[in-house]
Amino acid sequence: MALLEINKLTKAFGGLTAVDGLSFEIAGGEILGLIGPNGAGKTTVFNCISGFLPPDSGDVTFEGRSMVQRQPFSICKRGLARTFQIVKPFPAISVLDNVMVGALLREPSVSIAQAEALNIIDFMGLKKMTRQEARGLPLPLRKRLELARALATKPKLLLLDEVMAGLNPTEVDELIGLIREINDQGVSIFMIEHVMRGVMALSQRVIVINYGQKIAEGLPCDVVLDNAVIEAYLGKEFISAQCT
Amino acid sequence: MGMDSTLAVQLLIQGVLLGGVYGLIAIGLSLIFGVMGIINFAHGQMMVMGMYISYWIFVLLGIDPYISLVAVAAAIFILGWLIQYTVVNRILDYPEAMQVLPLVSIGLILENAALMLWGPDHRSPQTALGLDSMWVGPIMVDTSRLIAFVLAIIITFLIFIFLKKSNLGKCIRAASDNRTGAVLVGIDVDRIYNMSFAIGAATTGAAGCLLVPLLPISPHIGHDFTLTAFIVVILGGMGNLLGALVGGVILGVAE
Amino acid sequence: MNRLHLLLVLILAVLSGLPLVLSKYTLGIFIMIFYYAYLGQSWNVLTGYTGHISLGHALYIGIGAYTSVFLAQHYGLSPWVGMFAGGILASLVALILGFLGFRFGLRGVYFVILTIAFAEITRLVVSHIEVLGSFSGIFLDFDPSFRNFQFRGNIPYYYIALTMMVLSLAAVRLIEISKLGRFMVAIREDEDAAQALGVNTFKYNMIAIAISAFMTALGGCFYANYIFYLHPDSLFGMGLSIELILRPIVGGMGTLFGPILGSFILTPLSEVSRAYFSKGGLEGMHLILYGIITILVVLFMPKGIIVYVRQWLKPLIPERKGDD
Amino acid sequence: MEKKTVTRAGMNRRTFLKVSGAAGLGVASATFGVPSLLRAAPKTIKIGSIQPVTGPLAVIGQGSRLGNQLAIDYINANGGINSMGGAKLELVLGDSESKPEVGRQEADRLINEGAVVLVGPFQSGVAMAIATLAEQRQVPFVMDVAALDAITQKGYEHVFRVFITAGGLVAGALKYYKTVTEAAGVHPKRAVVTNTADPFGKGMSGGFLKMLKGSGLPVEVVERIQYPLGIQDLSAEVARIKAAKPDIIFPISRIGDSVILLRELYKQRVDLMGIFGPGSPGWYEPEFVKDMDKLAFYSMTNVPWINPESPSYQRGNAAFLKASGKNLDTNSAYAYTGALVIADALERAGSTKTKDILKSLRETNYADHPVVGGAIKFNDKGDNTGALTALVQIQPDPDLLKRVRIVLPKDFAQSENIIFPAPQLWER
């Protein structure tokens, strides 16, 4: 049985259908990439899965249970955590306190939660900033904080919304390493990403959507050679740069 | 039966006429909220300032409030601009609790300034048309109320034309729709905000003039008008100008 | 125990000893300082920590005062018990308000309007209830005894108010370091992000508003048995709601000591300026001053005066451990 | 006859009489208390005065404070308290800001500063807070103005009231109404009662309606109209009044709404025999008389009032006029009276001990005062059994100050002629 199943998911805003009858699934332990041009409906898919938007129709099943109609917090409790494309740190409190909010989801004891949070902060390479207010962090570190917080909720599946956007190549490489490690610990990952380097390096499978519909699905290297994908999204230069 | 329907018509007319003025007060509040998302808790107090200016122009120079209306609106326009420039512009990004307090404080300052300047007495000047009324059969139409209503409608209409047609008006609507977008196309948003607050203030100042012949002035009535305007704006939909006018009439009739 | 704790214990010891040296009148000022610090702290739980702005907190003071007095007058119940009845009733009302506000996602200005509306409606309702004294209010009987929460001198009131302030401080500190407090702050900082991390925001919002209302209502019972006179306009009015939030905002909202600091600054200030201006025929001047100070603090010290005090006290504070 | 704490500050007030003139009270306050300190007095006795000198009632409160002060200056100028070796009196000053908790706090401060008696505080709400404090601290408290019956119903030993109670006020209204209608031989049949929906308005109109019903007078209340304090528009209410076809209106109002009501009665041409106020402000203040001019004529109000002919009034008024440029009005005259009563009690007590002051206050029999009423005596509750109201009517006179005239009781009347029924508002 797949970990997450999306079945004919549809969501429209006014006249605009952002997600149109989309179906796919994620297996346990998998890293799945979701790519597509701006406005293709990627973030809407995330919002529907994580409970921030109710889908108009279709179903989202996580470990065999429907997640539709549930509130975001309860979906997170089931083990499905997400990050936001525009990061949402808790600005006026420290990095540690930020991460502890996530850790407290499963750990009632504040002191144990704190120890867990410190571990995660260490793992994410944020140790020096532990006591700093989140608002003072530069963007790359805020992205890591976002990831650290989500990780602290001990998810089974992590939805990452463009965590690599705006990072330089070194930072991207570091993050690739971290995400791979997270995955090695048994956390499945579903990521929206524009940074193709990251997608190519991490994803075991990629889905491409445009106008809310799936236009391709498969291994990363197959997908990027798909004509429809090149037309809609990547452009010819990309192919020569990446896959030859 | 005849008696009852006469009474009903009478009440309806009175309500509609007064509602026009309520609407005018509320339009200022609504404009400010629509553009900046700020509730002007000093709105009624600004109106009272307008009433006092109008009153003194009448007492000292003998000029009727309907005529001094333009000057009073200009004075309150300046007052509004100053308040926006010195205080409100600095609190736009604050959380709402912090936005409420300075505006309530401005109301407190204006109210007590009026108290110190003019004392707590209730003043009710005998203006030229203050006691006139017209009779349509058994129905009485209060002249000053009718004038207030007509002028309120005219001013509202002018504001609409201004917002629709003039460059500045278009900029105000743009800034209220999307602040970032307005900045991107080169609109000086701070200036637009100053203008919006000042125009909102000026309309309430004008409404104050229209009320001078109708009710006694004292420093402490502002608070009640803030509440009235607030209710009208909620009835008509926050930030919706036409709604404010309709809301005003509804409240006028309901009272 | 570090030096900061030592300082706090020292301050508490001094405050406990003050009745030995101060006159009844000066004690009265301190009682008002403690009382407003307590109310500010109660409001702080909802607005400072959870981020939902209430401009109608007078509602809970009124409920606390009226409930305890009603139960004492009609059922002979000691206010010591009645105050908790008032607290529970206030919490219930707050939960109704909270349900409407949080379930339907009223945020910012709209939540503010809801809190004002609740207080105003209650004021009007109480003004029409005959057994609650309707428009005339209730004039309490003076029958001093511990059981009746009434005393001849100011000293018992002083210690009660001091205890309430200290307990509220302790309660908020406990909340602050607990899971509850951390979730409340997360909601204040970003409600969506908190949801995404599994925080049941509705539940924690409801808990916060219920605690805040409960604490505020206890203050109402104190007021009733200290002033002996209840009136709907003064107990449910917006004036009191604003008076109440002034101190935590000036001191620093969302901080443990902000409301107390604010009260120690503003309460004596209003005493002194009233005494000063009342003699010069400058009626209204002290309210203008009050308004100007508030605006200046909000404009130039938006985080409250506590920030500056922290700077001064820095040498006393040891290297901070994670929680703060 | 009273008001409560203020939130909607606006018209939540009462002013029995305020005389025009804008002299600064700063001048007056500069003279406060000076004599007693400079003249190496044998001893000073402190009296605490709590009045609402700031906030919405500032003008009244400052007048009342001045009334307290001038009475004490008068006593000091005449040798102080003889029974205590010419001890001088000193007024220590407090401000209630119209808030009960502030009034209490200020009273406590004054006691702390050595006040042996308290006087004040104009509002019943504040009076209740201070009354309890006085009982707690065991310091006598003489209320100059505050009318709510309940204040003296608790059996407090330390609380006395010079002012008339709300009950006494209503009884006066009925008595005078009966006298006026019988003298005129005209008996209105249909009446409308209007009142503001606040403690004062509701309490007064409730009491008045109840007494009117029990009086057997041939008048029926066909409509009772209540409106909120600080109302901005009464056109609907007046339309309802007109539809009720009343012969007479009994308004219980405040200062702002009386103007709106009267203008609207005029505009809507409501036929009336007259307007008879059972006891509320709004119908005799100098601004009202001036602004409303002819419309104000012939309205009558039952109200605690000054006695302009009394020597005490003339003394007090001269000093008041000199200090403030205004005339002594009801409130300041009662404040003046309150302080005189205290001085009288101290004189007879010959001591500043609470027990002695209480005893001599209970034995008070004081007639040399500036207000309409008999000699001041306190009953066992502390209420003044000599308190009386007057009926005043606005009558045409070129001099604005002479328009407000006492018409009843006969002993105090300034005009023999009561004009009732009155000409219609628009036929003047």
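Should a chain be cited, it is by its letter among A, B, C and D, assigned in written order, with residues numbered from 1 in that chain.
Quick note on the criterion: a residue touches a chain if its C-beta (ideal position, glycine included) is under 8 Å from a C-beta of that chain, and two chains touch if they have at least 3 such contacts.
Only a predicted model underlies this, so the values are computations on that prediction, with no experimental measurement involved.
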Shared interface partners, meaning chains that touch chain A and chain B: C
Contact-richer chain pair (by C-beta pairs counted) among B-C and B-D: B-D
Chain located farthest away, centre of chain C as origin (C-alpha): A
CA centroid of chain A to CA centroid of chain D, Å: 75
Distance between chain centroids, defined by C-alpha means - chain C, chain D (Å): 37
Chain A residues counted as touching two or more neighbouring chains: none
Contacts with 2+ other chains: residues of chain B: 111, 115
Residues of chain C whose C-beta touches two or more other chains: 283-284, 287
All chain pairs that touch each other: A-C, B-C, B-D, C-D
Residues on chain D engaged by chain B in the complex (per definition of touch): 8-11, 13, 18, 22, 56-59, 230, 232-233, 235-236, 239-240, 242-243, 255-256, 259-260, 263, 266-269, 287, 291-293
Contact set on chain B toward chain C in their complex: 33, 37, 39, 87, 90-91, 94-98, 100-102, 104-106, 108-109, 111-113, 115-116, 230, 234, 238
Residues on chain C engaged by chain A in the complex (per definition of touch): 177-179, 182-183, 185-186, 189-190, 192-202, 254, 320, 322-324
Residues of chain C touching chain B in the complex: 47, 51, 53, 55, 108-109, 112-113, 242, 245-246, 249, 253, 282-285, 287-288, 290-292, 294-295, 298-299, 302
Contact footprint of chain C on chain A as seen in their complex: 50-52, 71-74, 76-77, 81-84, 88-94, 96-97, 100-102, 104-105, 108, 110, 113-114, 118, 130-131, 149-150, 152-153
